[in-house]
Amino acid sequence: MKKKSKIKESLGLAPGTIVYTGYKEKEETFIDTFDFTKSSFEEKKLNDIETCYNYKSTNTTTWININGLSNVKTIQKIGAHYNLHPLILEDIANTSQRPKIDEYEEYLFVVFKMLYYDSNQNLKVEHISLILGDKYVLSFQESDGDVFNPVRERIRRAKGIIRNSGPDYLLYALMDAVVDHYFLIIETMGEKIENLEELLFSNPKESTVQEIQNLKREALKIRRSIFPLREVVSKLEKAENSLIQLKTKNYFRDLYDHTIQVIETIEIYRDMLWGLMDMYMSSISNKMNEVMKVLTIIATIFIPLTFIAGIYGMNFDNIPELHFKYGYHILWGVMLFIFFGLLYYFKRKKWL
Amino acid sequence: MKKKSKIKESLGLAPGTIVYTGYKEKEETFIDTFDFTKSSFEEKKLNDIETCYNYKSTNTTTWININGLSNVKTIQKIGAHYNLHPLILEDIANTSQRPKIDEYEEYLFVVFKMLYYDSNQNLKVEHISLILGDKYVLSFQESDGDVFNPVRERIRRAKGIIRNSGPDYLLYALMDAVVDHYFLIIETMGEKIENLEELLFSNPKESTVQEIQNLKREALKIRRSIFPLREVVSKLEKAENSLIQLKTKNYFRDLYDHTIQVIETIEIYRDMLWGLMDMYMSSISNKMNEVMKVLTIIATIFIPLTFIAGIYGMNFDNIPELHFKYGYHILWGVMLFIFFGLLYYFKRKKWL
Amino acid sequence: MKKKSKIKESLGLAPGTIVYTGYKEKEETFIDTFDFTKSSFEEKKLNDIETCYNYKSTNTTTWININGLSNVKTIQKIGAHYNLHPLILEDIANTSQRPKIDEYEEYLFVVFKMLYYDSNQNLKVEHISLILGDKYVLSFQESDGDVFNPVRERIRRAKGIIRNSGPDYLLYALMDAVVDHYFLIIETMGEKIENLEELLFSNPKESTVQEIQNLKREALKIRRSIFPLREVVSKLEKAENSLIQLKTKNYFRDLYDHTIQVIETIEIYRDMLWGLMDMYMSSISNKMNEVMKVLTIIATIFIPLTFIAGIYGMNFDNIPELHFKYGYHILWGVMLFIFFGLLYYFKRKKWL
Amino acid sequence: MKKKSKIKESLGLAPGTIVYTGYKEKEETFIDTFDFTKSSFEEKKLNDIETCYNYKSTNTTTWININGLSNVKTIQKIGAHYNLHPLILEDIANTSQRPKIDEYEEYLFVVFKMLYYDSNQNLKVEHISLILGDKYVLSFQESDGDVFNPVRERIRRAKGIIRNSGPDYLLYALMDAVVDHYFLIIETMGEKIENLEELLFSNPKESTVQEIQNLKREALKIRRSIFPLREVVSKLEKAENSLIQLKTKNYFRDLYDHTIQVIETIEIYRDMLWGLMDMYMSSISNKMNEVMKVLTIIATIFIPLTFIAGIYGMNFDNIPELHFKYGYHILWGVMLFIFFGLLYYFKRKKWL
Amino acid sequence: MKKKSKIKESLGLAPGTIVYTGYKEKEETFIDTFDFTKSSFEEKKLNDIETCYNYKSTNTTTWININGLSNVKTIQKIGAHYNLHPLILEDIANTSQRPKIDEYEEYLFVVFKMLYYDSNQNLKVEHISLILGDKYVLSFQESDGDVFNPVRERIRRAKGIIRNSGPDYLLYALMDAVVDHYFLIIETMGEKIENLEELLFSNPKESTVQEIQNLKREALKIRRSIFPLREVVSKLEKAENSLIQLKTKNYFRDLYDHTIQVIETIEIYRDMLWGLMDMYMSSISNKMNEVMKVLTIIATIFIPLTFIAGIYGMNFDNIPELHFKYGYHILWGVMLFIFFGLLYYFKRKKWL
């Protein structure tokens, strides 16, 4: 949506043509690989994709992580080596692709989104693609820096069952790391909503509406990034596919639960944001009421009094009251009586 | 959502790692057990989980109830003894886990929520996990104090069929006790809504909106805690599982009906709360209308009169009316006529 | 929801315990029975349930109608005699049970609601339970007085096919009588909405909102009582059960259509009630507009005129206009010009 | 809903009792018949239903059209002759029956609604029942005058495939004629919405809300009459019934598409009508804003000026300004400065 | 909907009658054909449909593209030649037909919509029909000019796999070209919404509501044109049909994803447009508040001061203050004190 020129450029290209549609065009491509068995592991950082070709023939579990999608060549090379369908390569580079899972004969292809707040507290969405083969997992990310470090650490230290399990568990571990991170996102969002709510009570301003709208849009963005994941994980849990072992499905079921929980929280946030909008509108109306009351009280008290003063400012020859000795003082009495009478009336009406 | 630090801490941990995410960290762990057959029963309170290990080999029905989840060690021990899957242990300690049911080969795992109002009338949600095995039920709660006493009493006194039935009926009895308690919750909520509604008619205040919002949020919270239970109970009712006997399914069907009833009531409450918000907005508008009418009536009556008084306060040399003998008195007549004429006009317009 | 103490009392009772949760506690229990074949029928009124026990062994179709649920003993006795499941007995007495159908081996159990307006035009919901066995129908009602008289009449006079058909048709006939009555309810509701709408146009008052809210709540209550019936009847229509003959299913299909029609009408009423709320809000706004216009017209005309009068009420030594011979008359001319000019201006703006 | 007395009258009647519930009570019954084969056709107008009895035994396709449902006798006679189920006869006369399809062994029974605007542009709903047998189609309408003339013409002139096809195609042709007419209805409704929208921009009045509400109700009425037809046609398309030939199903599929299209358009209209309501509310608010601005401008300009004039109308002995030679003229200067200053201020605030 | 006369004309026509319901009546019909194998291709432009008849018997893949639907004869001729069902021919010419897919024995018939903005930025919807046979694809468009040029180019240059694949891939390529174009449409719409939002913040006007409504309607129109396509593509992906090869289904799955993505974006836009309406309403209310504050401040300050001035303009014989030496000056002091006191009060109330 944002890179307009890109859409126009890519219109009409043959399906399967690889076009990177993201922002990070000049990003270099980094490759890091993990190759492990129960008892051993090997970690490498490569700049050249060819170096990792020989992993394909080994019997170990291999994880090849490609950071940076702007270098279309690398994607093509690895695609050719692992025999990936052209549509997969297109989807890897197409950052606006929504989360999905495609089952092919030799591998599973999973697309989803990593969410994070950047340093300006703006929500960023990063496109992640995973390919699960019989002995390998390929991961593609838009840029360096991810949420996979705990997984790396677990491989290095052989923590949990990750080294004892196959690539399907690795796929799960990577997806789980991303979904775990979603909880941080919705926590941050929850805090934003709470802050906004406090602001709304203490000092509602015109800009508050805009902030509510922004949060609504953010919630929409998160929802859109996460919602289709539900189906993806559900398909993984129920997959009739030899790539995913029975015992790993328990883990995907657990992941499914977490995904549902995130989505439910987002839905609740949307409800709450609608509620905030309602509260804002009612607070505006209340303020208007208050303003109107001040005006009405002042006008109701002083307009009649001014009228009375006007009466005795008239220049008729014959106004008897003007010549009473205490006329002026009596008038003050009458006016004070009206003044306090009206005050009492407003008090009783609870306007004061 | 609330224990922020906890989320950040637990990010990236290996799946199956047990982290208690609730508030009651220093809570000690209490264990009480019931072991019964048709004709006998034994009740114990233990501080040490090992003591109850030998129940596993007996032929009796055993209920082991663990209060307090902060002591992760105990959970691990009992998990090892009963051969529980690591993901189950993680979910037992994870108080933000939504209600769900997981079927494993040797046992069923059920998670749900106990709701209660604390002494400040704040809604509290407590995390409860149940494990149904072939001869035992394990229950895990966040803290001491629960709604299971009637069940305990029924076991002690052999009331109803609980002593004649297996652990599946015990599972039902425990869940039923919790769902029965939900009715108390929604009853309290119903009263709150009624009170709010009365307040809205007698004396709507700015804080009323906030109270409506709070109730809405409370309804959302309840809904979120109970809604997934529907599917849980439905799965229990339809389970093709040897752990649940055919005759117990009638009871789960009944429980399902109760769950639906609670959920429907909550939905109706949400509708009613939206209605209250509407009423509040219309009551503000009505008040504004009333204020405006007062202002308009006063201004409409006195502004023209003040103008007339102003006319005869002018200092022109030649204003013949000023020198009429009864000029002043005639003017009063004219002004009273205008005054009552306008009053009559407002009366007819139903503004008075 | 309403009998609070009852909920608290019944908390934790063993499932299958019979507790009457309705209002009519002191209501006596009346029993009337119909026993008929194609060619004969027998009608009795009993005070003692035992009297009707011998019907069970006859080959005739028997309808036993129990009015009054507060006498739990009677329910227990007949339950024991007809071998009813304890959960059924519980549901018969539990007046807050939502409509449902439970299939047991020897009988079908149907719960639904009878609706009527009492003498104060308040909507009342009465709990009705029906049990269909191979040769009998049992009906349980909260109190005397029902909508079944036409069915009784048809049995007595052998009108229609009721005497030629089995208990399944009798079950249908009873349910049909209740659903037919729903049409009267929604007709009354339709009239109330129409009246409210007319009131809204002729003379909207603050109490109108409350009436709209009340009708909304009434619609919710009706919807809640009828909505689950849809599924009940649908299950009866599709039942693979020897208790219901094929030819009777056509009748249940017809009943299903009627139920749907009632539900659809209720949904339309809810839509219309939302529409009324909108109209009320816009009518308030229109009134405010009208009030504001009056104020603005008066103020806009007289404030400038008063200012002019104020000018010539000043006491400067040197105000030449004051000494013009026709100064006063000219000023009147100017002021009348302003007056009519502004009137014309408001006319053109369509404010008058 | 409308014929109140009728509902009360018909309460408790035995199912299958025929009661005409429409308005056109005194309407006479007209019968017209078409009997045709590929090569021949015969058209008759009858007043007596017995005349058409002999068609039943012929091998030709027969269409018997009965206009007027108030003569219950005729319906009973034809029902007996064609062996129709009592529930069908009840539904034929019950004009509030919603669209549905019932499959019986020997025939299909279809109920739906004809919509038209009467001469006062009020939407009228007419009840139509069709019965499809192996060699005949029976149609029942509330009154003379229908949308079937094009079908009659096609039979007379052997246009299209109608004469070559069986009664199932005739059923389709009749339903198609009615659905085609729906497009005219929604077109008229579309025009009404457009007109209302233009009115809303040019000259919104209080009555506009009422017109929007009326259109909403009309849309609800249309939706309710057409929505269930979707399922009816879908069942016809998928029917596993020897009465409907395979080749005719293509036509029903086409009819299904048309029905969906009408329903979708109605849904869009409802959305648009909600939008109009929003626009009306915002136009009221805008007008109020305009009124308030006029008031505020006038008051803000003249109230301070009047105050100044009031100052120099005071009778203090010692007000030095009063005795300045050009005091009066200077004051005018000051007041004009204030006047134009405020005008400029309002101009800048875009209030003018 | 728009061509009113056309609807009335076409009422009652026999199904299968071809009536062009679009706008472009005088449009001439152009035909262009592509005939290709792996190694060769032939491109032609024809004015006469008969010329392309002989392609039917060749073994090559043929694409016949007919531009212009007003010439009903041509459609009839080609329909006869390719043995198309009359209902298909009717749907090809009926531009208001919604997207759908019909499976016939020998071919698949697909209808969908091409969207584009014309030179006035009005959304235009063009009706496209495709027929997939075993060796050919027929395409029908309303007018010259389309989005198929990239596909033509790929055939000419043998780019991608289009020349190696059968007509099913060609069908996919044509549909893909249209769906790709949808992304441009929603991008344009996204920009319009952003512009409107900026306008709303900088300078909301009465016409803004209308623009929001127009965009809402545009979104409805797009949604209606695209939404049914989801099902169409889904059916193509899952078709058990020999016309569509297994390997092409991957491409349809991809197309399905794109369609979903477009639909989701449209839904988000609708949400955002509702949000804009909310913002507009709150901005009106805010403005009103601002206006009211100005009025209230001015009135509250000057009305009491004017009253005081009125007091000392009275003509009582005995007003002692008038004769104080510095009475006038003291009064000014009092009035300035009131003036600044009220200013301070409004400052503290944050009205200034």
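For clarity, chains are labelled A, B, C, D and E in written order, and residue numbers in each chain start from 1.
Note that in this section a contact is a pair of C-beta atoms (placed from the backbone, for glycine too) under 8 Å apart; a residue touches a chain by one contact, two chains touch by 3 or more.
Given the structure is predicted, the values throughout are model-derived calculations rather than measurements.
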Original post:
Can you list every chain in contact with both chain B and chain C?
Top reply: none
Original post:
Once you find the CA centre of chain B and the CA centre of chain D, what distance in Å lies between them?
Top reply: 42
Original post:
What whole-Å value do you get for the distance between chain D and chain E if each is reduced to the mean of its CA atoms?
Top reply: 26
Original post:
chain D: which residues touch two or more other chains?
Top reply: 281, 285, 288, 292, 295, 299, 303, 306, 310, 313-315, 319
**OP:** Please categorise the chain-chain contact pattern as a line, ring, star, complete graph or other.
**Re:** ring
Original post:
Quick one: ring order starting at chain A, direction chain E?
Top reply: A, E, D, C, B
Original post:
Inside the complex, what are the residues of chain A that reach chain B?
Top reply: 147, 149-151, 153-154, 159-162, 172-173, 176-177, 180-181, 183-184, 186-187, 190-191, 201, 250-251, 253-254, 257, 260-261, 264-265, 268, 271-272, 275, 278-279, 281-283, 285-286, 288-289, 292-293, 295-296, 299-300, 303-304, 306-307, 310-311, 313-319, 350-351
Original post:
Which bits of chain D are touching chain C when the two form their complex?
Top reply: 1, 4, 7-8, 10-17, 85, 87, 90-91, 96-98, 100, 102, 104, 206, 209-210, 213, 216-217, 220, 224, 277, 280-281, 284-285, 287-288, 291-292, 294-295, 298-299, 302-303, 305-306, 309-310, 312-315, 319, 321-323, 325-328, 331
